[in-house]
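The data blocks that follow each hold one structure.
Heads up, the next two complexes both have subunit A, just with different partners, subunit B and then subunit C.
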Partner chain A sequence: MSEQPVGIKQIFKEVAKSKAGALGFALLVAMLILAMFTPILAPYNVARAWNDLRYWQDNPALAAPAWVRFLSPNSYSGTVTLSNFSLERSFHGQYTLVRRTGSFVYMYDVFPTEVRLLLDVNYTARKPRVIATLERPDGKGVTLYNGMPVKGENVVSVSVDPKYQKLIGYFLYEELGYVPAAIHPEIVLFAKKSKYMNDRQRADVLKGTYILEVDAISFEKNLSVQPKLIVYGNSYGIAGTDNYRRDLTVGLMWGAPVALAFGTIAAVVTVLLQVVIGAAGAWIGPRADEIVQRAADFFLVIPVLPILILINVVYTINIWLLLSWVILFSIVGGVTKISRSMVLQIREEQYVEAALSYGASKKRILTFHILPRIIPYTFALIALSAPSYVFLEAALSFLGLGDPNIPSWGRLLGQAFDAGALYYGWWWWVIFPALMIMLVSLGFTLLSYAFDKVVNPRLREE
Partner chain B sequence: MKMTALLSVSGLHLYYRTSRGPVRAVDGVSLELKEGETLAVVGESGSGKSSMAYAIIRVLPRNVQRYCGSVVFDDAGDIVSMDEESVRRKVRWKGISMVFQGAMNSLNPVVKVGEQIMEPLIIHLGYTKEGARGEAARAMVDVGLPDYVMDRYPHELSGGMKQRAVISMALVMKPKLVILDEPTSALDVMTQANIMNLLKRLKRQYGLSYIFITHDLALASELADIVAIMYAGKIVELGSAEDVYLRPAHPYTQKLLRSVPLLREDREPEFIPGAPPDLVDPPPGCRFHPRCPYAKEICRREEPELKDMGGEHMVACHFTGELRGGADGLG
Partner chain C sequence: MPGFTRYLARRAVLLAITLILVVYATVLIANMGGYIDKLLKGQISFEVTQRLNRDPAFTRLPQQERQRMIDERVKAAIRRAGLDQPFPIRSLIQLKQALTLSLGRASFLKSSTGSPEVADIIMERLPRTILLFTTGTVLAAVAGIYLGLIQARRALSRFDKSAILLAIFTYVQPPWFFGILFILLFSFYLRIFPPGGMISAPPPATPTGYILDVLYHLSLPLITWVFATFGYWSYTTRNIVLQTMSEDFVTAARAKGLPENTILFKYVLRPSSPPIVTSIALALVFSWTGAIITEIVFNWPGIGLLFWEAISTLDAPVIIGLTVILAYLLIITVFLLDIIYALLDPRIKTLGGAVR
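Our next item is the complex of A and B:
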């Protein structure tokens, strides 16, 4: 039988050699790499924009991940954004006409989920009149907008706004001879002419080149207009989007540093504190031991989650404040009891007696002889308690009590839950955050299992 | 002219508290040791040898019930009545050091051997790690340890090497007195012989005094100037090695000597019938009387004093004079 490894380096080597340890390390290192690349791939200001809904308006809402298009090309579409327009400026007496023309090809088998036109208009004093017309591959033209936009960016919600739906209604009246009660512009615009052209299930997609023509007429010569047409699909990015069009990939990526930092820091600090306090109590004497152990009992039975919720009601919380509270509530606890029982064993060892006989102080014996004996177990305990802190952060965020400034996995799950994601079948919104939480926990758990096996010779295989 | 004693123990008691009552592990022990002398303490397992050593160096377990008497060491004064800090400063390792029974367990498995040898220097003399390292290296050479041992962990050493490491730890502060509690048990015969030779050499080299604790009379004879025979927490015979080995006066010593197997003599080693007494409830009178073939009425009633038979040969037996010669010693 091999000896129990000593020395931190050797312990880590042994752990890395075991299957569970290697897998655990690999998982956590992968997470760590993700966490480290997150600030590069999705800078902090992007994460900070999580609550700024305008930031995400180019994305489709509730889109599945883009890669599902490979699995099922007939039922998923991507987003088409048209922002390249030619410019033509002509003068007619006192009028100036600015004509912007652009085209795109629509080849998806499904209808878009939404159509939106953005008009960035600039003029000196008098509003221009702007008319936007979409010419379909079958030669039919549909007016999307006819009005006098104000200076700056104007959002023309072709699909949602009744004002613009009405324009589509005129087109439908021309084609079908009547106007249905509910108009779905994103279908009508892209449907082959038929009496079902307002019905997503029965209409056929009209594939081909669409041309958008935006005319602006004004008395002012220096008038300018920059249109942008977004034809939203139903799939986007690596992990899809939520109901506010936010890219879940960004949220998932930012969840990694949040979970790793929170879980690791909370676990390292609380376990070390508990180990040292438990050991010191047991080593100093029966009275100190009694005080520490009763305190541990107390902290073990107080319900941390409800208290954190209460604190949250009173104070606005950020992730660091949350971490501090969690640490404060775990100064003593279960680990204190473990380290105490280890000290009670170790203090009977001969080398402790020998140290007393050569005149080492109690403090010196604690730091030189006792703590080094406990440290290897500490690794296992840290790895073991990290998942519970990852879950705690997730639980608080799920309840909406986490840091409101940055996205985290628990928060994504909470928002998915609130939106009824599972009921409506928005699976990507639930599965990915849950999977991330599970992977991190699995990594830590495997690692703690491997550590335990290395430092606890009884558990070692022959 | 009589030299002043290096260590003088008198009326030393050490009782342990247990649920069954006090264990009288050391019950009124007195002895003297001069500088440069070696005292061998011999007795069966459980006779209180280690307890006596703990009492002398004042490393007491938590369940001490009674600790009294006096242990005067050199010019430090009485260890029993001294305050803890003075013991720490004046006696521990500078004056008296100890090699604990089962040296294998005297080393912390997760601390490098060299660092453990350096510890006393760092604690007492305020050495830096580098300074202590040089001193420790010298101490290790002294006990014949190769220098790579410095950075090894205890489990990487053989039993003999560990024992040498523990001895070098005891010597690193150059004490006057070293207590060796069964330093060679659990070692094979060759290693045992090597360690004994090492101890002899160190003693000569540094003029050390030893208290050598063993249950092995033959081994004790290699080192001892004076021999103390312990039985049930008491010293039953104390005298020069010559007196005790050649003219044993206590029936227990005689039996003990006859139980040693001898190469030269064609005689079966004897057993001492019965078992050592329970120290919670020792027999009244002479504690050896239930196992003594010569026991009389008085032995059951009265406890014998340790009496000088001449030439500082002390024996605690009611019939000392009469029984002498009833033994044939090692010689």
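Our next item is the complex of A and C:
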């Protein structure tokens, strides 16, 4: 025991000097920095909007990360948003014509995944008639919308809504002479004219400048139309998007403070509680010791995960309440037994006898002579148990039972699993949250290994 | 051996108390402290009222008469369901039933043959969980212990250190976590294994085909389980064996010039085995509980998935039934280990007489 570093500062120094310890510290500090920057890079109101699906509608759904475009530029595309339109207002007798024209360049090698037109219309009493036409680089015009929009925002799902698919069908009929059973507007609109212009595999992309013209005709003079065309790609952001178009980068960033806070607080509180209770039981006397040890047996036998799941199913709880339950269920346990056996050894030592003989109170000996001896070991135990709490939170969120207000890594994984990401190969939705959880647990694991090596001579090199 | 008997009796009493407490806690929690009773009562009263309201003869009765009839029938239905007693008494009845293993009927779940008996439902699932998790635990333990022995012989070598890191790292991640990644890798990208389930639909007609199909579905979860748990075995084995190796009698054996293998198997392994055997016994018992999330991820219809189904439908009898069976198993194992220890370790035999 004499060669062992006793001071806490010294232990931390030794740990930081070892390779595993330094790497562990570095990983956790990186995560901590990410967690601290999260509120700046993605403010809390963005996280609050996680469950508000309208907030994310400009993003493509199920898009891979944008950087895959550099790896294989031939198979990924970005999103093109057209919102700059020129305004032309003319009066023809009793009706007014508002013409908005905008253009964009489509240069990707692959077809868009979806096309959507948003029409923000404002008028006093009588609905205008609005016609939106897309003029392709080859000079052919396609009608995307022809109807009477209501006041406010109108979503024209060109790709999904059969009503608008039919309009594309008319165009196909003019070009090919027949209408296929299933129409894919996002392909037809951006395909070179050929027999296969409705077939993603065989059609060729028509690159060039596309012009969108939106005409609104009304009997009212003060009519306004603000169009916005979104041509969704199949890649977006640093980490891609999920099936509800949410930017996974935001979810991944918000997972960091959640995981770190939950794992660290749960680990520190439970380990310290267990150490103190186990030590106190062993120090006070055989009766208290017996009670504590039997309680520890009891808590080791009860199935904690099923009980936590049960509590979560019956009550919707937030993350702090969950933390309290976790702490309640680990008030005594495996660590209690470790600290007890250490106290049983320490209390036989001469300096404790000496302290007793000069009349120190039992409480004083426990706090000043016994607990400080155990504390170094608790660092390893805390670092070892932190990942299990990170994974506990992830497990509950995976089942859809965590705090519903904030995104967490487990929740992302769970939603990916439920949406079938594993079977459709939406790897970014699985790999990134998994990688984040793995990095945090790796950081804690390396730390615990380093601590163990310092305080536990068995693993030390001579 | 009066001391020995007394020691065992003491352990038996303590374990019995633990068992009762665990089961009673489960009864309380599974019923949410009586909250589920309230839900059931509300449901009964709603159903009875609805049924009566659909009866044309009933709607013609005067208001007071109708109310009286509703009250009467609701009361009868509640008594029939055994909900008329206050929850504290009901919880004690449930405790007694659970401890005597009369598990009763499930509230909602049924076995695949249609039986609502909790015992049938559990017995249908248990073999599947044993097939996956007990096999997996045995394989992981054998592989891990073997690796741990090699590590101990080459302690602090590069191989040993990397094996330690791999062991800790894989053991820290829960099996379901690897399960997700392995499904993506082996099932989606490499297309070697099916992504989940226990049998193809429709199942193969021949018995051999059936067995092969189950084995095919079993492989990936089994690999996952072994990969995620072998680290525990190798790490503990290594540490226990190393500790024994530093004892004086091993040094003495070395000094005698005995070959290294003889020392390892005859001198080191024997005193190191009790804690390892304990771990194996406990792990085998725990393997019967399955693993909730691993079974969800692999869609493996075992005990863990049953637990999840029971919890999400708030099926209290099934939850209590599962817990009580597992608590019994665990406590019987602990007691058997106590007996074996007492028989093997002469110190405990005499200790029993000395302690109190």
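In the analysis below, the second predicted complex is superposed on the first by the 459 of 462 C-alpha atoms of A that agree within 3 Å, B and C clash if a C-alpha of one lies under 4 Å from a C-alpha of the other, contacts with A are read in each partner's own complex, and residues count from 1 in each chain.
One rule holds for everything that comes next: a contact is a pair of C-beta atoms (placed from the backbone, for glycine too) under 8 Å apart; a residue touches a chain by one contact, two chains touch by 3 or more.
Please read all numbers here as calculations on a predicted model, not as lab measurements.
S.K.: Which of the two partners, first being subunit B and second being subunit C, lies in contact with A:Leu399: first, second, both, or neither?
M.R.: In the superposition, A:Leu399 contacts subunit C only.
S.K.: Under the stated touch criterion, which partner chain does A:Ile307 make contact with: subunit B (first), subunit C (second), both, or neither?
M.R.: After superposition on chain A, A:Ile307 lies in contact with subunit C alone.
S.K.: Which partner chains sit in contact with A:Arg373 here, subunit B, subunit C, both or neither? Use first/second/both/neither.
M.R.: first
S.K.: In the three-chain superposition, say which chain, subunit B or subunit C, touches more residues of subunit A.
M.R.: Counting contacted residues of subunit A, the larger count belongs to C.
S.K.: One more residue to check, A:Leu422. First (subunit B), second (subunit C), both or neither?
M.R.: second
S.K.: Common interface residues of subunit A with subunit B and subunit C?
M.R.: Common interface on subunit A, subunit B vs subunit C: nothing in common.
S.K.: Name, in rising order, each residue of subunit A that touches subunit B in their complex.
M.R.: Where subunit A meets subunit B, its residues are 3-4, 6-7, 349-351, 353-361, 364, 368-369, 372-373, 375-376.
S.K.: Please give the residue numbers of subunit C that touch subunit A in the complex, ascending.
M.R.: The contact residues of subunit C facing subunit A are 14, 17-18, 21-22, 25-26, 29-30, 32, 35, 156, 164-165, 168-169, 172-174, 176-177, 180-181, 183-184, 187-189, 195, 239, 242-243, 289, 292-293, 296-297, 307-308, 311-312, 314, 319, 323, 326-327, 330-331.
S.K.: Which residues of subunit B touch subunit A in the complex?
M.R.: Subunit B reaches subunit A through residues 57, 59, 88-89, 92-93, 97-98, 100, 102, 105-111, 116, 119-120, 123-124, 153, 155, 169, 173.
S.K.: Once bound in the complex, which stretches of subunit A touch subunit C?
M.R.: Residues of subunit A touching subunit C: 20, 294, 297-298, 301-303, 305-307, 309-311, 313-314, 384, 387-388, 391, 394-395, 398-399, 413, 417, 421-423, 425, 427, 430-431, 434, 437-438, 441-442, 444-446, 448-449, 458-459, 461.
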